[in-house]
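Read from first to last, the chains carry the letters A, B, C and D; within each, the first residue is number 1.
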Amino acid sequence: MSFLSYQHFPIFTIMLYFLGAFLIVVFGKAKALRHAVAFLCTAGPLALLISLIGRVMVHGEIISYWMGNRTPVGDYAIGIALEVDALSLFFGLLVATAVFVACLYSFRYMERDHNVPQYYTLYLMLAGGVMGLVLSGDLFNMFIMVEILTFAAVALTAFRNKVTGALEAAFKYLVVGSIGSTCILAGTIILYAQARTLNLAQLAAVIPGNFGVSTKLAFALLFIGFCTKAFIVPFHPLAADAHGAAPASVSVLISGVLTKSGIYGIIRLVFFLFQTMNLGTMQFWLVFLGSVSMFVCVTMALAQHDFKRLLAFHSISQIGYVLTAVGLATGLGISAGLYHAMNHTLFKGLLFLAAGAVLHETGTTDLGKLGGLAKKMPHTAALFLIGAASISGIPPFNGFASKWLIYQATYQKAAETGNIGFALVTVIALVTSTLTLASFVKVTQSVFFGQMPEECKNAKEVPFGMRFAMGILALLCILTGLFPGLVTRYLTEPAAKAAFAAGNYINAMMGQGYAERIMGAAAPGAPAVSFASSGVWSPLSWLLLLMIALLAICVVALSGKYDKVSVRSSKEVEKKYQLFYGGETQSFSQVGGGDLFWGFKHNWRHYFSFMHDLHSGIVNDYSLWAVVALALAIVYALIVL
Amino acid sequence: MLLVLNALKYLAYILIFPGFLFSFLVGMLLTGIDRKIVARMQKRVGPPILQPFYDFFKLLGKETIVPDAANRRVFLLAPLVGLAGITVLQLFIPVFHFHVFDNVADVIVILYLLLIPALAEILGAAASGSPYAGVGLSREMVTILAVELPLLLVLLAVAKTVGSAMGRGLVFSLSTIVGYQELHGSLITKLSMIPAAVAFLLIIPGETGSHPFDTAEAETEICEGMMAEYSGAPLGVYKLTHAMKIFTVVSLFVALFLGGIGAGIQNLVAAIGLSGAFAGALSLLLQILVLVLLSIVLTIVCISFVHAITARLRIEQVFKYYWTIVTCFALVSLVMAWYGL
Amino acid sequence: MFKKLIEESTGKSPWLFHINAGSCNGCDIELVAVLTPRYDAERLGFKLAGSPRQADIVVVTGPITAQSLPRVLRTIEQVPEPRCIVTMGSCPQSGNVFRGSYSICGPLSKYVHVDVDVAGCTPKPEAVIDGLALATKILQQKRREMK
Amino acid sequence: MITLNYIASFFLIVLGLYCIVVKYDLVKTVIGLSVMDYGVNLLIITIGYHPGGTAPIFTAGEINPASVFVDPIPQALTLTSIVIGACVTAMSLSLVIKLREMYGTLDTREIRRLRG
């Protein structure tokens, strides 16, 4: 195995991040050097992982790597392993992309802060933690990486500790996050007691089929632990607090990457380690949790009046989509869920960066204090609109492509199982999507359009570096929306297939034939997975039509044969070009975010006030939710599994 | 050469039939008939049926004022995007047997494409900076929220009914749904689809923003709401988009529930003993004629009658109405379809 | 290419915007009466618009009080070209019974060019329709003169 | 004897959780976190324990889960876990100090600017 062989790439990927973190501590005082190191250490892993796409995604190879070449001895894994199958690589690519783009963004974004070297150190630690988590083939290492990323995320949340709520958010996150981490540790160790191994592949071969009481307990603990990391519903207030207070580039990571690591953990847990996904109740619980997450969080988002906090609630709502789709346990479902996970990283990253740009220029993200920024920041506004259209699922952007697959998957599942409950999930998903649209209409109106308050008059377009980073994400949003066929073929479907092929995963790690030997006839190989959907959607031809139509209409409109009256606009204040105020002089009057959608909120007022009281902001309450969720999970595991 | 011919063909589809020109004419006609019928119901003479055309062309000749507070580019581009969106959407809705595209979009996509004109309007309104427009767009969004749920349930019920009848589980493709009806008769003849059809009929005025549900454009309380700052040609484009949207929604109803009529027309043409290209043209012509007639009837029933006998609702009443009564109808239909009634 | 069509249409679809400049409401009621079944001005294409941006004809009633004057002028200014200004009732032109009051700034023609004046206190609906029809003619003329 | 260890570790974890949920004092919350952590550490070390086992020094040929020596892996894990636990405590205490400076209180019921 040569030193530069592709088998080394996963470990290089993880090490580059940590190496970068270390180098910045040492050499970070010089700005140029710092930026160079940060750039190289985020671009490098991305390049390394992209170079693996051909092997892993297309040819279905699974890379297993034993640290120090300590391969299993006598069917017994003693070394520490990294294992990269299509699923790991898929999440790894998401992580690397988000980290790279957010890093480009932070070069200019973090300029005005103090202690910038520490920021980059923590940032790279966070990136390395998540990357280590998704590429690891060892349960205890997963725990270590979870701790590293939680720590880095907490520290980064509190990084701007003068911002209202930053410390508070960090503390709440630390407490509930620690409960989650402790659950993961306890679950890991109980599994170890049962199987005397920590290797994922070996555990996956030994555990399924022999569930004792302790194994079931371990399942519940691990499940809740990863739910904490994904911020699924009882844990969602933490995400909202943390995203809202952290610098925008960190919010991108927390929302786009950290939540994905939780989802990754859940997938590994239910599809590989315990292989419980064939149980109807397990599917029901995942879909239920996902649906509740998406609906509760989107309604919470509608009630927010802070730009970033609103986006944070939407993150969890979108994660709910992912979990729902994954919980269907059909090929189409998982493929759709992973597609949406990818899209979420892209568009939510874009939206957070746009929010960061607004914060950078105006110093606030309060929806009530902003307005009319599209005039001062046209590029940011356009990029934000792309992100907003994506997340609201407006065709032809990427959010629509994946949501459309999710609708198909849920409804198809309903038709296959004859269970009308899954049809209800389709309905919830679609209504949630419309509510998402509503809340982004709210942001658009109250931040970028409408009238400009005096305080925002000094805003100007953000530096090119920041726009460039946003532009990359916007471009990816459009491309992944226009070519859903390519995305599913080369990225999500291989990953979805890998989720079913636990047998291959075990064999790649433990040697050919191991899975069959240990698990007997039950060894799940690589079953034929169907990705057929019952609908049709070809975004490219639709877009082409729209373009032609728009062009034709514009040509007619501009030919101007019928309309000699020119469109005039004058710079001096003239009565004619003032807004119509019933005859009064124009004065500042903005329909703010809180005033919108009264007709909706009024009908749901009891629900909204109930939810508002529930999210009390007291850390004890959130911990209590965590404990209750843990208790429920344990009861479920003991009774059903 | 073939490519050029094809391109010309598609351009003709987009610009003439069933795209822009056709839906422009029919939509305007429907609006005119609507105004006339409302006037007659109020014992007035009413405007001429061509009045919407006059309004449209007059608006083209007016000055367009862009307020200083407005975001110029979005303000002027939004109406055009909305118009292009509705034009393209029109291509996806089959005219009985005739459909331009087979596999470009299904009913869920159409559900979303129906949003685009409304969204363009919302963007334009937000860009105008007027507080009246702000209130208007808030109401428009709530109306969208209100209508979306029952409409979606109706579409799911149809997808399930056709799917289980064809033994394929689900069918989302609109042309397949119409094709199924040509073979087995219109869906409205099925017991389980009657509540869905009723729900859709109740949705039509909400989706097109006509009278009891036109809170978003209440001219007396919020100065035309979203269009408070629009004048001249862009306003005309908006009026046109509205008119076309009426036709789109109504013909969507025809495609979903009355698709079986197309087969009847073809049989009729065949019964006369015609064949060949002439028969095809004649049958297409008849189909278009029937579609226009059906649209007129539906417009009168769903929009004009309702307009003449109701007063404008408050926005929270609109929301409540759609999420309770209409949703119930659609839900009944979905459950019946689910259990194969 | 639509020039002719537009000119033709301008005469057939005049939209009204109504400004009350301190009127006693008599004229306002009467303007609404014009749109009721008995007189039905809609058959000529008349329609009340909600915003001055969409109007062609501005109908001013009332004696132009000092408070209302700047508002009236601003609103008229915000109506896009071609536009017509119609004063309804005697007040906007002569001040009627309010004439000489310290708070009356009329007549309106001191400030803007008034195209049609429908006199009477209040004018009959027939007279109003006649005046509006005349304004429509003027409107069409103005459109023709705009290039 | 070993059972007592398991009971004790379970008791410690529950005690820690109880402390986090019920006590409205930031410092006590941190103490709860630590106690929970110690409970887990005790659990880990108990799992690796073999009654009468010797020190885990062996060569590759002798690996066998049933060998009569104490399992070394949990000890390594405990070490890591203790380090992490110390980090959690340090980090949370530093946050507590900052919070006290900013809010002037240690009562969790008053540290709730982010809510709703």
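Of note:
In this text, contacts are C-beta pairs under 8 Å (C-beta built on N, C-alpha and C of every residue); 3 or more make two chains touch, one makes a residue touch a chain.
These numbers come from a predicted model, not from an experiment.
A summary of chain positions shows that the Cα centroid lying nearest the centre of all protein Cα atoms is that of chain A.
Most remote chain with respect to chain C, judged by CA-atom centres, is D.
Simply put, of A-D and A-B, more C-beta pairs touch at A-B. Separation between the centroids of chain A and chain D, computed from CA atoms only, is 30 Å. Averaging Cα coordinates per chain places chain A and chain B 36 Å apart.
Rounded to whole angstrom units, the spacing between the C-alpha centres of chain B and chain D is 63.
Chain C and chain D have Cα centroids lying 82 Å from one another. Touching two or more other chains at once are residues 2, 5-6, 51, 53, 78, 81, 146 of chain C.
Of all residues in chain B, those touching 2 or more other chains are 57, 60-65, 132, 223, 228-229, 232, listed in ascending order.
Pairs of chains meeting the touch criterion: A-B, A-C, A-D, B-C. On chain A, the positions that touch chain C within their shared complex are 561-562, 564-565, 574-576, 578, 580, 582-585. Interface residues of chain D facing chain A in the complex, by the touch rule stated above, are 13, 17, 20-24, 26, 29, 33, 36-37, 40, 43-44, 47, 60, 63, 65, 71, 73-74, 77, 80-81, 84, 87-88, 91-92, 95-96, 98-99, 102-103, 108-109, 111-116. Per the touch definition, chain B reaches chain C in the complex via residues 35, 39, 42-48, 51, 53-58, 60-65, 132, 218-220, 222-224, 227-232, 235. In the complex of the two chains, the chain A residues touching chain B come out as 372, 374-375, 378, 393-395, 400, 404, 407-408, 411-412, 415-416, 420, 423, 426-427, 430-431, 434-435, 437-438, 441, 444-445, 448-452, 534-538, 541-542, 545-546, 548-550, 552-554, 557, 562-563, 565, 567-570, 573, 576-582, 586, 589-591, 595-600, 602-603. The touching residues of chain C, when paired with chain B in their complex, are 2, 5-10, 12-13, 15, 37, 40, 42-45, 48-51, 53-54, 56, 78, 80-82, 143, 146.
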